[in-house]
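Look at the two complexes coming up: subunit A is in both, with subunit B in one and subunit C in the other.
For the complex of A and B:
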């Protein structure tokens, strides 16, 4: 299915990442957003509020992030594609409802434009320190998808991808921007609507009498229903059976939680999104994501100029973690260098899947800016030694 | 300097003044001209602080014929300043051999920095002559185009037209041309023997 032309601002634009992300939501078919604006993410919903009256849809400025993160889920069950946007403190407040989206298998998108933390931290400056929170922030076992754009163009492209993945797997998708990417302005090409693939919602074909709300198909993903179409359904955060009714026993819990985990396996196995540069002969591989990946690329260029065989593995889908690729690379490279705008988060995943087969060097940064290319270069030189 | 983005090495530009002068729009126009109308690359960042209208405002734009990796300006090749504070804060960071462009009636310079090319323009006054002081930023962009000779003036004109509401296009294009003509005339006179400082003095007395 192609994008609805009403939401697609086809053309060549000069946009910042936040605005490009907003155009991505509209192209993806989002017609509902609820938000509690917070720097540095405000521009996403500011633009959505400006654009949506002519596209046709609803923006609600909510009383807080708790309300925003649950209002969007009501809209989804009403048939809309929906999202919310936030940063640091707001992301923390949304955690309970991210868990609710996971257990109710509500396809939706949370945009987090990361700023320095903890707490109020650095409202106007970048960090990448919510990466573990995106995966583990809500309680219980659950799985999500997280994507990390490194340019305004990717803020557009990956937001469309994010909405599509949310529909395919019925999970909340985290768009993990950072302040630098969100506020940086570059050329953004928005294609014609018939060039943009959209994953439509998979509604049930069962009759209202025979359908079961959480009965999975072969891909472990149940079909959706829409409020008002004659289906009586019950959506709950309690552990529920295939009918959607609370059923708090070991068997139901095991079946539900395992299925929510297993349904993302096809994505982990072979569909991880990444960019590989100069890996053929690489001895040192810089693993990075978001804005840091651009600085890392500059650093590897400098390393190559010094005769070091350095390559890039850029994580685009951070969750599920692209473990197969790291495992494969770990068997043939000397070392991984992992720069990130936090004191070491995704580096633990790299270490876990490397399992001692290669050196892993963390290049931490507390946030507020990006690494100097020379700092990453020095780590590459150390790794190559 | 040879014109054309694809022949351009990495060029860092900082534009600074106070809020309300259109500092950000000036940077957008330059970035758009390079990235969209000349097919090169441009990355624009703004200083996000608690600035309000009347406070300080700065925008950075990096131009290149190649994809831009590092997002921030470290040592600008070109500094455009429209306030005394912006001059004091940012002029020490200008690259040796770089280009300094000032709104000469808003920025008083006792001792022009050594080893840089230095150009002044009374942009606010030129904008007032067009009846609207608000277009001083676009006068500055026109002047920038003439003295740096880096981007095709027509790309910049297209970028100006693309960046303002339709009702304001004519005025802004006039502002661009006014700044451009002033700059071209200045460059012409300088090439005939006077150095930048002398020309600036002549202008101030005129």
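For the complex of A and C:
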């Protein structure tokens, strides 16, 4: 289906990433947001609070991030598309409910505009150090989707994509911005609503008598319901069977946890989102994401000018990790260079899937700024040697 | 024995069965636990309220009372520890025609969830909170909670509780609740009536139900079994409707003031929101239509 025109601010705009992300939520059909102020992410919900009363929906500022991250899930089970927005310290508090969204298969979006950490860290300055937390931060085994925009335009586009993926796979989707992308202002083109594809919630057609809340379809994803429609369903964070009833045994646990993991297998089989530049003849591939990919672009240009066959693999869907593509590249390139605004996180995934078939060079940065292109260039030169 | 009782056919079901998920019985609660009594009262309140049960949702947190959601034959949500109220907030706001009932325990609602409780009361969110207060963390083995009275022996206070406890009804009133009552599981008629009244009351409503935990609380404190708990409640309870909540503190063996303490009208969150938006935006304000994310 197409976007509801009420939420779509069609036109050419000059927006920062946070505001573009907000417009993405509205275009995607989000009509409920719960938030708690935190730099550098607050602009997303500030704009939502300003826009939503004329679009038709609700913004509520909750008492903390724990509350925000569960209020949005109440709204989803009431029938809304919903999200919350935060940064590192708030993201840490939200881990509890990322786990809840995972086990209850609640389609929803968490926006994290990353700043320097740990703890209060660098409230106004960038980092990309929550990448592993996005995947592993809540306890237990679970799978989520994480997307990494590198421009305000992508903050709009990928937020729409994120909501669509949340509905398709019934997982929490993490929008992993960083402070630079969130606060940089660029041209953002918002298309006509009939040019924006929206994945509607897949509500069940079964009757309340035959419906089973967690009975998966062929794609391993169960159909949704909402409260008030007579299904009298039960949702729990406990391990549950297809009826949604708690069931404390090895078999139910195995079946549930494996299915929640396996339903994202399409991402290992063609669905990963990425951008490839100059990979045809590349000997050195810079693997990057978010703001760092824009520095990497300059570094590879400098490397090409020096006659080095450098290319770019830009990760857009960071989780599930695009292992299929790294495995394929590892068989034909000399080396990967992995700059990140952390001391080495996604580089471990690159190493794991390269499995020794190519050199992997980490280019760490503790955060607070971006890399200098020369630093990445030097790593490319070293890799090409 | 009266004629009426003899008239009940032998195969008659329990009248509260339609309100329960009978395929989940037996429940996990201990013999003489009071939670089941409160659920029975709740079922009777639902019945007498004549509410459309398709439009009633129950939200629980974690703990013994947290399991109520799993047994109620309604749309039901067993959420995370302490977070039933913010979940209920999102559910209510996205689907305002629902009557949303939060059903949870004293530890869940007032320790880990205490902040959410006072803010929902402050906002006068239109949700109904039933707190089964067994004065302890029962599911985890009987530890001290925010409502455990002084001098009580618990798993984490082996030498006796010395920190002051919350007076839950006073806290609810001070934070802004529209309706505040307290009963014990001895007062089943009054409790069911109070629950029904609350289901028809707009705004943030709160009922505290003192409920026995013979397995942990009473055993450790040599307070006898389930029957002794009923005798105790009967002996020390005093009905004082309209009593100042500041005079309703609980102690280990002292008086339990029960009754309806607060019943006042304040505009609820959605009314306030709508009023403010109309005042600021006039015709530009679009009524929320947020439960329409399906195709067609």
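What we mean here is this: the second predicted complex is superposed on the first by the 385 of 385 C-alpha atoms of A that agree within 3 Å, B and C clash if a C-alpha of one lies under 4 Å from a C-alpha of the other, contacts with A are read in each partner's own complex, and residues count from 1 in each chain.
Operating definition for what follows: a contact is a pair of C-beta atoms (placed from the backbone, for glycine too) under 8 Å apart; a residue touches a chain by one contact, two chains touch by 3 or more.
What you see is a predicted model, and the numbers here were worked out from it, not measured in a lab.
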First (subunit B), second (subunit C), both or neither touched by A:100: second
Which superposed partner A:12 touches (first subunit B, second subunit C, both, neither): first
First, second, both or neither for A:328, with subunit B first and subunit C second: neither
Which superposed partner A:219 touches (first subunit B, second subunit C, both, neither): neither
Partner chain(s) touched by A:63 [first = subunit B, second = subunit C, both, neither]: second
Contacts of A:187 with subunit B and subunit C, given as first, second, both or neither: first
Subunit B versus subunit C as contact partner of A:262, first or second or both or neither: neither
Which of subunit B and subunit C A:291 touches, first, second, both or neither: first
Between subunit B and subunit C, more extensive residue contact with subunit A: C
Intersection of subunit A interface sets (partners subunit B, subunit C): none
Of subunit B, residues touching subunit A in the complex: 28, 31-32, 35-36, 41-46, 48-49, 68-72
In the complex with subunit A, residue positions of subunit C that touch it: 21, 24, 53-55, 57, 59, 69-70, 73-80, 82-83, 85-95, 97-98, 115-116, 119, 273, 277, 280-281, 284-295
Complex interface listing, subunit A residues touching subunit C: 1, 6, 29, 31-32, 34, 53-58, 60, 62-64, 66-68, 70-82, 96-97, 100, 200-201, 203, 226-238, 245-246
Subunit A - residues contacting subunit B, complex: 12-14, 16, 39-40, 124-125, 179-180, 183-187, 291, 294-295, 297-298, 301, 369-370, 373
